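By written order: A, B, C, D and E. Residues from 1 in each chain.
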Amino acid sequence: EDKTVRIGFQKYGTLILVKAQGLLEEKLEPQGYTIEWTEFPAGPQLLEAMNVGAVDFGTTGEAPPIFAQAAGAPLVYVGVEPPAPKAEAILVPEDSPLQTVADLKGKTVGLNKGSNVHYLLVKALEAAGLSYSDVEVAFLTPADGRAAFEKGALDAWVIWEPFLAAAEAATGARQLTDGTDIVENREYYLASRDFVDGDPAAVDAILEAIDEVDDWINENHSEVAEQFAPSVGMPAEILNVAVERRTYGVEPITPEIIAAQQAIADVFFELELIPTAISIADAAKEGES
Amino acid sequence: MSAAISPVRTDIREPQSKHPSKAQSIVIDGMSKSFGDRRVLSDIDLAIPAGQFVAIVGRSGCGKSTLLRLIAGLDQATAGKIIVGDRTVESLQPSTRLLFQDARLLPWQRVIGNVGIARHDGWRKAAAVALEDVGLADRANDWPAVLSGGQRQRVALARALVSDPGVLLLDEPFGALDALTRGEMHRLLERIWQEHGFTTVLITHDVSEALRLADRVIVLRDQGVALDVQVELPRSRRDIGDAATMTLRSRILAEV
Amino acid sequence: MLNRFRGGRSAVLRTLAPWALPLVLLIAWEIMARSGLIESRLLPAPSAVFAAFWESLWNGTLLTHTAISTERAFKGLLIGGGIGFVLGVLCGISRPAETMFDSSMQMLRNVPHLAIIPLVIMWFGIGEEAKIFLVAIGSAFPIYLNTFHGIRTVDSGLIEMARVYGLGRFALYWRVILPGAMPSILVGLRYALGIMWLTLIVAETISASSGIGYMTMNAREFLQTDIVVLGIIVYALLGKLADSATRALESKALAWHPAYQATERTTG
Amino acid sequence: MLNRFRGGRSAVLRTLAPWALPLVLLIAWEIMARSGLIESRLLPAPSAVFAAFWESLWNGTLLTHTAISTERAFKGLLIGGGIGFVLGVLCGISRPAETMFDSSMQMLRNVPHLAIIPLVIMWFGIGEEAKIFLVAIGSAFPIYLNTFHGIRTVDSGLIEMARVYGLGRFALYWRVILPGAMPSILVGLRYALGIMWLTLIVAETISASSGIGYMTMNAREFLQTDIVVLGIIVYALLGKLADSATRALESKALAWHPAYQATERTTG
Amino acid sequence: MSAAISPVRTDIREPQSKHPSKAQSIVIDGMSKSFGDRRVLSDIDLAIPAGQFVAIVGRSGCGKSTLLRLIAGLDQATAGKIIVGDRTVESLQPSTRLLFQDARLLPWQRVIGNVGIARHDGWRKAAAVALEDVGLADRANDWPAVLSGGQRQRVALARALVSDPGVLLLDEPFGALDALTRGEMHRLLERIWQEHGFTTVLITHDVSEALRLADRVIVLRDQGVALDVQVELPRSRRDIGDAATMTLRSRILAEV
């Protein structure tokens, strides 16, 4: 029997600490599991791999699983982190005349297409009485967005952590607003359907391990920042800001969370980002942790 | 196989080589060749017995090289057929060798490699001997690119001579050589031909050369064979100044 | 006319033969997809791709994307190809120019486009210029390399001849060196036409909202395999088109060349 | 020895000359960076890049990344180059093979690597195989195209000669066709060596955690411009290295070729 | 400019052309040429007055082509110097034309384009006339690749003759031609030379040809000039069978 658990992680997130602390190996190896860690540059790539069955478990922001589900990827929401609305924001350059979200009318806003910040922008504009079509949107990956933002090609840039903290620190950029009271901005733990059905115990073990590490993070912000620094390639002080902007912990998937995620999916469907309407509940593993 | 078209014909004779060798006869039967609309050779009939040494003369552009290419199987006749040995020529002949009008040396092989290209075992020794024969033993390890025109031609000749032919087709092999070197090459070719007895077809512009070397001289003109005469002189012919030969010479020149 | 008519059947065969392999693969793929051997989620059946094709053709998005990409591609090719050609000619005919530029070109050639995107954005912003710039540098190198190589390997005997017959610099290049280098330059063009599209997919990740690179990468991001496969097929067809165009150009420009005549004779 | 000694000064000059342009650019860049004309955050000064270089060299990461990438690169080149070469030879010498494969190759050539990553992951998973596969298809095409073109344009007079002198199939290819196609094949190799690295950066976005493509793209993500620029420079130097290697190979394999002899004579 | 080395020397004569043209004299002074360790020409002294017709004969590989290339400025002498007109040859000479031993036709130009390559205005007409002269008027629009060896040589000759030379260097221009065509070409060359009066240096292997055309015959041997004689026969010479000429002929052949 193949008892390999293949976990996909990104450079910034709890999983990298789980890996570093060897917690999961401690929990699962005695039961005959081997753990295989694979790094991905971003959520979509991770789910791409999960879709074809190359990865069993991983973590991404709220947007990628919506697209994956729309594409028919057999994935299951197995856990979620607490909301982190402060971990994403609309940035403008230091000397920008723009003061409020409403000022964005007719301006060029850069963002990563189909990501959590895409939703943030829609909701923020809505809250400010504007509609999505009132702004000029330029789709840019975080890396390109930063370059374009600094070049002055963008009036505003919607971005998440840790890029957010880094950009603020480097350019003195100002936040028009963060996600507070507008969006939840959660991070999801996802597993492939086969893995969830075939090995629920392992899923639970992983989530437990993550939760333990999350608890530890909540106590040791600065140490976490130190640990992230080399892999992310940012100074620890900046990462510390990013880490401080949210709390950590694994929560179960509740109907409220499903509803919130469903709202995002519906907006994306309206924006024609996904071809078909989807039901998040179909892919949720409710009520456990 | 009638001689209806060619103005002069001789009957097929027995091969005259002392060594019954792998020499093959050549029979050309009603053969024509056109390039597009341009007819080059018209309804040619020719029979060359195995081992014979035939010289072909004719004006520039009259189709001599084309004829050799057809015999070698490098080109296809528009009509008629060519039989070498007992096989109709449809593609390349395994034992027919052709010395082209241009030297065609492989630039990436040294001189000795070029000479030995057609030989398998013992090629190096055979090639060295042949180079010695053509007077280029000391150039064996040069690239062909640095040779003079005449030297290149001699390398090509050496290559043809060591290639163990059944039929050897030579397209102006001595054109770039001075009189003395040319004389040496004549003797060399005659000797090797006598030793191996292959059938030889030599294109030349020099009628004396034809008379010096060939059993038979064929003149091509107006797409056909204008003259086909035997040269009945004892070998080896050095100075051919007798009256009969001079008459023959004038007769050939008149037909060209 | 008569000739054409007579050769009709084998001519048709000859035209179709190159499509045999793609067709066989296509059919095998459809069968595997239908029989469930390939999950359609992972690789949609050709019929599904065709449906996607039909729809995007119908609603005009495919044509819009392709048209926009094509414009970018050719602008970039014109600029980059032009620069590559000029530099190739320069280095090909002048040793000092070679010493000066060739090494740098060989180094730059190796720099991945993906890596320089941040720099490109800083120089050119996120507009069309950035995309065209990327295509330009992508297509400059193959043209450069092949022009250079082509010129260097022109038969030196012919150049000597031309010089001894008093051809001026311009006539020498125009009548001897360029025609002699032409087969190689056209191979360079073939490459450039390929690279042009390849670069575009990278370029169209910069703030694009149109173009077939955008269409494909966007679909990839959202795991819409049918659109990804559709994109791949469009690329392949564009490649085939470029290839046919170059072939036509070759058989015109190289009518004198035995190797290309032969091709003409048997394939056309 | 004496000759060498005498030519010492100009030989040194000749060796250095190709570096003049990069050096001038470097100095200009440093000056602009120091004077604040370029914001160091956007484009770090060469000295900063050098510091980054020194550090990553010192702690071994640079060498590790480069070594890992090199291994992937050469494995891919070996496989892809091999396939490209074989197909190129096949299509070059056989019309039916050309009819069969060439069209498909020309179509496949045009498909961007970025676009097929989903398929590659499907076929090969996310391990080393996927990366090597991408490099392989990347480097197969230049070798294919140039081998094909090289073989097709071998002087047909020489082939006729070889056939008339009874060379067997094998000897014909080995002694006539391949040497004749060699200049073109080596140009293909030059390309392939470039494309090999270019593909690798794409391949190393799949799921790598090592390699210089990963290093660069990773740095790009967080706009660590010094590392990005360092990566670019490493690519450029690898390109230069590949170029020098091909040149050395050329001057060995093409010793008979006047164009390459000339290069040899004047450049070194 | 002493004649110390060359075994036989004549003094510089006045140009003999009727039209004082742009013909230039050639003076070779202590000139040597080596390729690597191989010395080809040693300390050659020669003076060719403007308008003279000089024939050079010598054995294959003795350095004839090399000498022409040096005069044309395509190669650099290892020692000594060459003066054409009043300029020392350091690179190509503006009005020196060289017909190479191989035809060197541009494959991508049709025959007429090849012939006209050296002319600017009115090239098409001049080329057509020249093609008519060499008997290839009907091939004007063919690619060079389909021509026969001798046809190619004649195209090269036509190109050389229309190129308006001050000094015309001909490297075996008739090697691939039959006797008749050769005779026609002789007359053509002589006529054009007489009309334009350019200085001509002709390499040939055919001593009769040299005697037929040249004012002066030079034999190259052992890296130097072995013989340098005037041919004092009235033009146009057709049949040169008188005793004096025969003696000259034997004398030249003996020196080769």
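Following the convention adopted for this analysis, a residue touches a chain if its C-beta (ideal position, glycine included) is under 8 Å from a C-beta of that chain, and two chains touch if they have at least 3 such contacts.
Here is each chain with its UniProt name: B, E = ATP-binding cassette domain-containing protein; C, D = Aliphatic sulfonate ABC transporter permease SsuC.
Everything numeric in this text was worked out from a predicted model, so none of it was measured.
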Looking only at C-beta pairs that count as contacts, which pair of chains has more of them, A-C or A-D?
A-C
Could you work out how far the Cα centre of subunit D sits from that of subunit E, in whole Å?
50
Subunit A to subunit C: how many Å between their CA centres?
38
Could you tell me the distance, in whole angstrom, between the mean C-alpha positions of subunit B and subunit E?
30
Please tell me the distance, in whole Å, between the geometric centres of subunit A and subunit D computed from their C-alpha atoms.
38
By the touch rule stated above, which residues of subunit B touch at least two different other chains?
102
Residues of subunit C touching 2+ other chains?
42, 117-119, 122, 220, 223, 225, 257-258
Give the residues of subunit A touching no fewer than two other chains, as numbers and ranges.
48, 52, 143, 146-147, 150-151
Touching pairs - complete list by chain label:
A-C, A-D, B-D, B-E, C-D, C-E
As the complex stands, subunit D meets subunit C at residues 14, 17-22, 42-43, 95, 99-104, 106-119, 122, 141-142, 145-146, 149, 152-153, 156, 183-184, 187, 190-191, 194, 197-198, 201-202, 205, 213, 216-217, 220, 223, 225, 228, 231-232, 235-240, 242-243, 257-259, 263, 266-267
Listed in rising order, the residues of subunit D that touch subunit B in the complex are 157-158, 160-167, 175-176, 179-180, 182, 254, 256-258
Which bits of subunit D are touching subunit A when the two form their complex?
39, 41-42, 117-118, 121-122, 125-126, 205-209, 217-224, 227
For a test of understanding, state which residues of subunit A touch subunit D in their complex under the given definition.
8, 11, 38-41, 45, 48-49, 52, 54-55, 142-143, 146-147, 150-151, 162-163, 166, 170-171, 232-234
Note which residues of subunit A are touching subunit C in the complex, please.
44, 47-48, 51-52, 67-68, 70-74, 110, 113-114, 137-141, 143-144, 146-148, 150-151, 153-154, 273-275
